[in-house]
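Look for chain A in each of the two complexes below; its partner is chain B in the first and chain C in the second.
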Partner chain A sequence: MSANVKTNWTGTRAWLRRMPMRRIVAATLLAMPAAALADSDNFVEAGRGRALVTAGDCVACHTAPGGKPFAGGLALQTPFGAIMTPNITPDNATGIGSWTADDFARAMHEGRRPNGTRLYPAFPYTYYTKVTRADSDAIFAYLRSLDPVSNSVDRNTLPFPFSIRSSMAVWNGMFFTAGEFKPDPNRSEEYNRGAYLVEGLGHCGACHTPLNALGANKADRYLQGGQIDSWTAPNITNDMQAGLGKWSVDDVVQYLKTGQARGVIASGPMKDVVENSTAKMPDADLKAMAVFLKDRGAAGGPAPTPVAASDGRMKVGEAIFVDTCAACHVRSGEGIARVFPKLAGATVVTQDDPASLIHIVITGGQAAATATHPTAPTMPSFGYRLNDEQIAAVVTYVRNSWGNAASPVAADAVKAIRGKVTGPAD
Partner chain B sequence: MTRRLPRKDVVIVGLGWTGSIMALELCRAGLDVVAIERGPWRDTATDFNIGTAPDELRYAVRHDLFLRTRQETLTMRNNSSQTALPIRRWGSFLPGNGVGGAGSHWNGQTWRFLPDDFRIRSHMIERYGEGIMPEGHQIQDWPMSYDELEPFYDKFEYVAGISGKAGNIKGQIQPGGNPFEGARERDYPTPPMKQGYSQELFTKAAKELGLHPFPRPSANLSTGYTNPYGCSMAPCTYCGFCERFGCSNYSKSSPQTCVLPALVREPNFEARTECEVTKVKLSGDGKMATGVVYVDAIGEEWEQPADLVLLCAYGLFNVRLMLLSGIGKPYDPSTGEGVVGRNYAYQTGSGATAFFDNVNFNPFAAAGSLGAALDDYNSDNFDHGPHGFVGGASITNAYTNGRPIQYRPTPRGTPAWGSAWKKAVRETYQRVTNVGAQGSVMSYRANYLDLDPTYKDPLGRPLMRMTFDYQPNEIKMANWMAERCEAIAKAMGAKTTQINRLNTPWSTVPYQSTHNTGGTVTGNDPRTSVLNRYLQSWDVPNVFVMGASTFPQNAGYNPTGTVGALTYWALDAIQSKYLKSPGALVQQ
Partner chain C sequence: MIDTSDRSAMRAKFAPPAEKPRHAGMSRRSLLATAALLITTSGATAKVVTKVLPWRPNEAYPVPPVVPGGWLFFTAEEASVVDAIVDRLIPADELGPGAKDSGVTTFIDRQLTGPYGGHDWLYMQGPFSSNPLPTQGLQSPLTPRQQYRQGLAALAAYCKANFGGRGFADLSAEDKDRLLAGMEKGDVKFDGFSSRMLFNAVHANTMEGFFADPIYGGNKDMAGWKLIGFPGVRYDFRDVIDNPNKPYTLPPVGMQGQPAWGVR
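Up next is the complex of A and B:
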């Protein structure tokens, strides 16, 4: 081992790995040989774009399971059929290698390809339209810096009549308002930064707002909770009952940064959002998002009356809970800090839509793993040994115990979700 | 044809406790690390799922987590006049396999050896004279002291979250803890487990006899805990599926719960599983390792060059790899020369079974390390003068499990099947307990490991041969301990007791202990040790060996606490000395 060289170089690598991204960009710039600096502005731009791509969680949709990052091919499930996500690496034939920054900005802002054909709003241009042109250019610069990956994706998988892309012109007329984000001069810079991230690149509303029959977010129920892939995306307004009303700004920041806060642990699609996106965002941006979410107002349904403990479903549910759930979640529903989520007082449990609870009991799931909380505990699957009635009972019990109150769950609701989240029986 | 892979800074053989700790810490020091593990990847979420983990038939009876003997086994004989035969079904000990290694399937009893254990030869001769040393012994002092290891014991205990009660903090004896233990800097990271009714009886009886009982230090955690690596654990549910099982509840300290969640996030770490290292490759002059050669799951052979080679497999297999690689001179019992394979030692088990009337001990509410213990008869905590043996034992009353297939205690003389057996099982299950003595085994010229002249593994390499039997010193010690155990059992109020003396000659068939030690021992003299005090090979300085094969002889405790402490001790030397100036850390 050439000891001295070794030690210096490994030291440098360790230092590089621990540095925040922005500083790495600057440091690398200084260390690069002059020849590589031909387009130095673009290098800075690409570094900024990388942070924005992280905030937008682009990798989540534009990567197939086991595929190369950003090379597309993930089947996004929509109410109208599956849409395969495109390759956004700079490959000329199969990616966006032939695009210009103007082409990219048009896709982001107007939902149109370079040839003018229309994209589906599964690509959330309804949110990305708020991204500034400068940020769009930075994202494009970063995507240009990736290694081109040749991966041809079938982009026309929707059935008729949704296969007619021009129909999106009508849809856009009904549900799409183009235009960059306009800060509110009466609000703080932090609030506006949060609004820009939540409403633009973060596209939080895409999941956390219910959809209408045409697949558009219901504007009057913005951020009041939605459903994605049979998981509940909870109310993230400041609503006291179902939303973030009891969470502090710090709680929200902790949740986004570590995947855990107030005994709740991110799982389902939010696990991916935390791991790929929010855990890697700067603290200041997380705080801005939290301030915006907490300050923009509260909205939600009326507080439900709890199902009485004497109800037959509650008694059955309690028996199942004691046998099957209490070893980890504890008899009092308090859970175990950082390992087994708290159910008592957890708003994800008492959303009007019980999809997440049903889903995780049937399939199990794994929590988010982050640098601060690397242990990603698992909820085992119980779909194999609890029938629809039993799951409905235990879920009803969890939703209405220890001070929780939420609508009871019927076996049919379990059956419907079971049909979507489990494969055909062996 | 062997294909050569790109060079790594560090190659680690085996991804259990020692390998995963080394990998994490060296990755964080900026090195590129690859761990090569011959078993499968295993993690809590997928492999130890609560729906399948407590399967006694699969794991305890059919040995799912253990090495398959068709892949590798040992040959065994009691002495060198016999012909050794291969162990075809594991019995006396159970070598692990796969990521986590024995750290996945252990019970979790996590001890520190006593200060006297580290200088047992000098201490015994100083106090009793040469005459007390047993015939044919090769007992030697450890090259480091308890005080030197203390910070590293502490480090391992805090990574593992051990539940216990300190008995001696900075020299101050603490009520309720073990008054004989070496001084520790601070208490255990988590409080002791809740004890059962049987342990209450044991504790009361032991105190009445003037002894000093305390709750046994446990890697089945009493509370939730987050360790310095950020890995989180949940409190034990006393389900009694620890030894031979992976823990589904994130409650048993293991590489899976304590290290791997942090390790897998390191970008410069790579694990290659189902790949078996066949030898450490040496430079032409044999003075440096250039890497390792391994065979992957489909039989392809690869060379992995590396600057630093860490042998972190189960102790016995580290010894074999050293023998197969030609590192260090093999031990020859006829001349007493050579070192690799020398000072193999094991553990004694003896005690007393206690039968009660009208009690319900509920043995199913158990955990691998639940129990009350006492150290009055361990190491040199008592006057050995009248007894004429060296060594001692930790004495424990515990239930590790009350599982339905294998926990079927019956009084001696009960038929092994039929209605009389059923009746005895019914009557005994709730009302029997055990006071056990886990004893030290000293090192002897006649007990050793070498390569078998006849039997080979599927890759054509000689199997390792184990030549071992209990010597008169151990038999005398263990049987004296059995009497101490019986006295305690009687004081607990047992209606009848049954004394369990040491089974001799040593047999591979009934399960006894997986605490195999020695073979690559650490020492200050290259004529009697394979490794220097930093667990570095005297002969090939870029090879370090971790694990219980480094123990000069065995103490009256489970080994893992000391294995963990030695790992952090060696790591400290690698980080603070070796990486700055690679080469021998101790001059010969």
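Up next is the complex of A and C:
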């Protein structure tokens, strides 16, 4: 664990600069609440917590667009309505300044507030329950070292009947198993470290697992791919066809560290995950996660039959691809290494759910920018040039060319996503 | 997007005046109102940009596609004369359709209703030289809208007086060509308007309409591009360059695609 602190040392400078002042303030201001004085010198603890907060990508949800980090206010869109994320800076009135480490651990492990009311599982306590108490305390110590930000967030935005928080007791009874991570004694330490990160703080399954009608991850489809904000979260089991089966451990590490591997480039929400979280994680942790994902097994749907090249949609799609896409992605779908993503053999292209392909054709997108690959290539939007039928055709073509095979895409699927991400086509 | 509900208002806005105005076909007030109506991105005021880049990632600036049919600036009479002129400048022949069939008149009509028609982005306050050097560029207070309105009226008057009451569209092909050649040289004298200015305006706009992207109303079915072998909005030719001395076979493609993309 000392390796984590060391690796993140340089990035901690801004935080370190604030520390002496914070300690002076803590020593002189008697009016500070007792909780703030509890840890007289939590320097190492908070440094460790900072690395864990990075691994958990807490900042992604607990920051509003253009807002102060960790001050909350982002509207998380759920099938049941929008949930505004809370302020987790140590502000007494609007943040978690009055919380104790026990309070924080209870939220992490049980999904409950200090007063006992229940949090919604949009806060992934179903995953964070696996975090050790020691790590929870370290995270809390880091959050307490942040500058308090006064930002009041309306925490009760869900409509009736979801507004009744006690109903989560029933939900928890159906879908929630509390308890810290239990290492598998038959597996390596590295595998167990990876499992702890993926199943706990990393909460990878929250996006990469489909949801049931009640908004819970389907346990029998764990890590077999899901959808978030009209983007596809691909299968990340070791499945040969749709998952990581053809990826090596090094490929997975490279992807998480740089945002690129095997010719594909992270986009959509995964771009943010890479930029905010995995690119800043220690290599040893990334390797552990990769080892776990590669070794835990494969699961996925049956391999689909490719749509025939003679299909009318394929012919239209090919014409659009040649005229519109081939300049960057190349006629053979090979792309250009490190600049334009490869489409031939890319698993995100052949997921059963085509949301990401449709989404990025409509809106365009920017790839992850990381310390090792800072360029962040951009794809322009084509939503204004291509109608729903044309996008369906070109996406169907990309999903079924150069050895790719995936279900054809209907214009209605494009229309549905267009309605969520932009206005309708003219 | 100019939809049909705006068209009557637009036509009224650009309708020729009942009487000949003292200076121009359009008052400053109505020109400003027109500009406000038509211009989405104002060129009138400079914007100061500091600290941030003046664009957002992935922004696209789609062109509202021109919907053919009817006239927004021209009267029916004016449109028939412009049709007749552009049909002589680029006539249909064995190589393909001409300017008239390619929608060039529609292209000019829609351009005249936009910022081009008012020279909205040009300094138009003068002074204007009466005997300018060629290097001095545009030296006239007349906007394209005024040039067409006044120039077509002068042409109509000239034809009426010199061809037995007939209009330009009713002349024989030989008479049209002779008259256009005279206008090009400036030999033909219209009453109160430079015949050469009208010819130059229509001539330049005809080429623009015939070779501009079809989204602007002309170059229908990419006829202009097919004529000269222009590939359209493609921008990567590595596959072609790797095959020297082999014919280039890809069809031209416009901003709205090409027929193989399916029906829009």
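Following the convention adopted for this analysis, the second predicted complex is superposed on the first by the 381 of 426 C-alpha atoms of A that agree within 3 Å, B and C clash if a C-alpha of one lies under 4 Å from a C-alpha of the other, contacts with A are read in each partner's own complex, and residues count from 1 in each chain.
Criterion: a residue touches a chain if its C-beta (ideal position, glycine included) is under 8 Å from a C-beta of that chain, and two chains touch if they have at least 3 such contacts.
What you see is a predicted model; the values in this text were computed from it and never measured.
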Which superposed partner A:F340 touches (first chain B, second chain C, both, neither): first
Contacts of A:A299 with chain B and chain C, given as first, second, both or neither: neither
Partner chain in contact with A:R331 - chain B first, chain C second, else both or neither: second
Partner chain in contact with A:A410 - chain B first, chain C second, else both or neither: neither
Which of chain B and chain C A:A101 touches, first, second, both or neither: neither
Touching partner for A:P380 - first (chain B), second (chain C), both, neither: both
Which of chain B and chain C A:A371 touches, first, second, both or neither: first
Touched partner set for A:I228, first chain B, second chain C, both or neither: neither
Contact residues common to both interfaces of chain A (with chain B and with chain C): 327-328, 366, 378, 380-381, 384-385
In the complex with chain C, residue positions of chain A that touch it: 315-316, 319-320, 322-323, 326-328, 331, 363-366, 378-381, 383-387, 389-390, 393, 426
Touching residues on chain B, where the partner in the complex is chain A: 9, 28-31, 44-46, 49-51, 224, 226, 229-235, 237, 239, 248-250, 257, 261-262, 264-265, 267-268, 307-308, 542, 579-582
Touching residues (chain side chain A, partner chain B) in the complex: 1, 3, 6-7, 10-14, 17, 327-328, 336-340, 366, 369, 371-378, 380-382, 384-385
Residues of chain C that touch chain A when the two form their complex: 1, 57-60, 62, 234-236, 239, 250, 253, 255-258, 260-262, 264
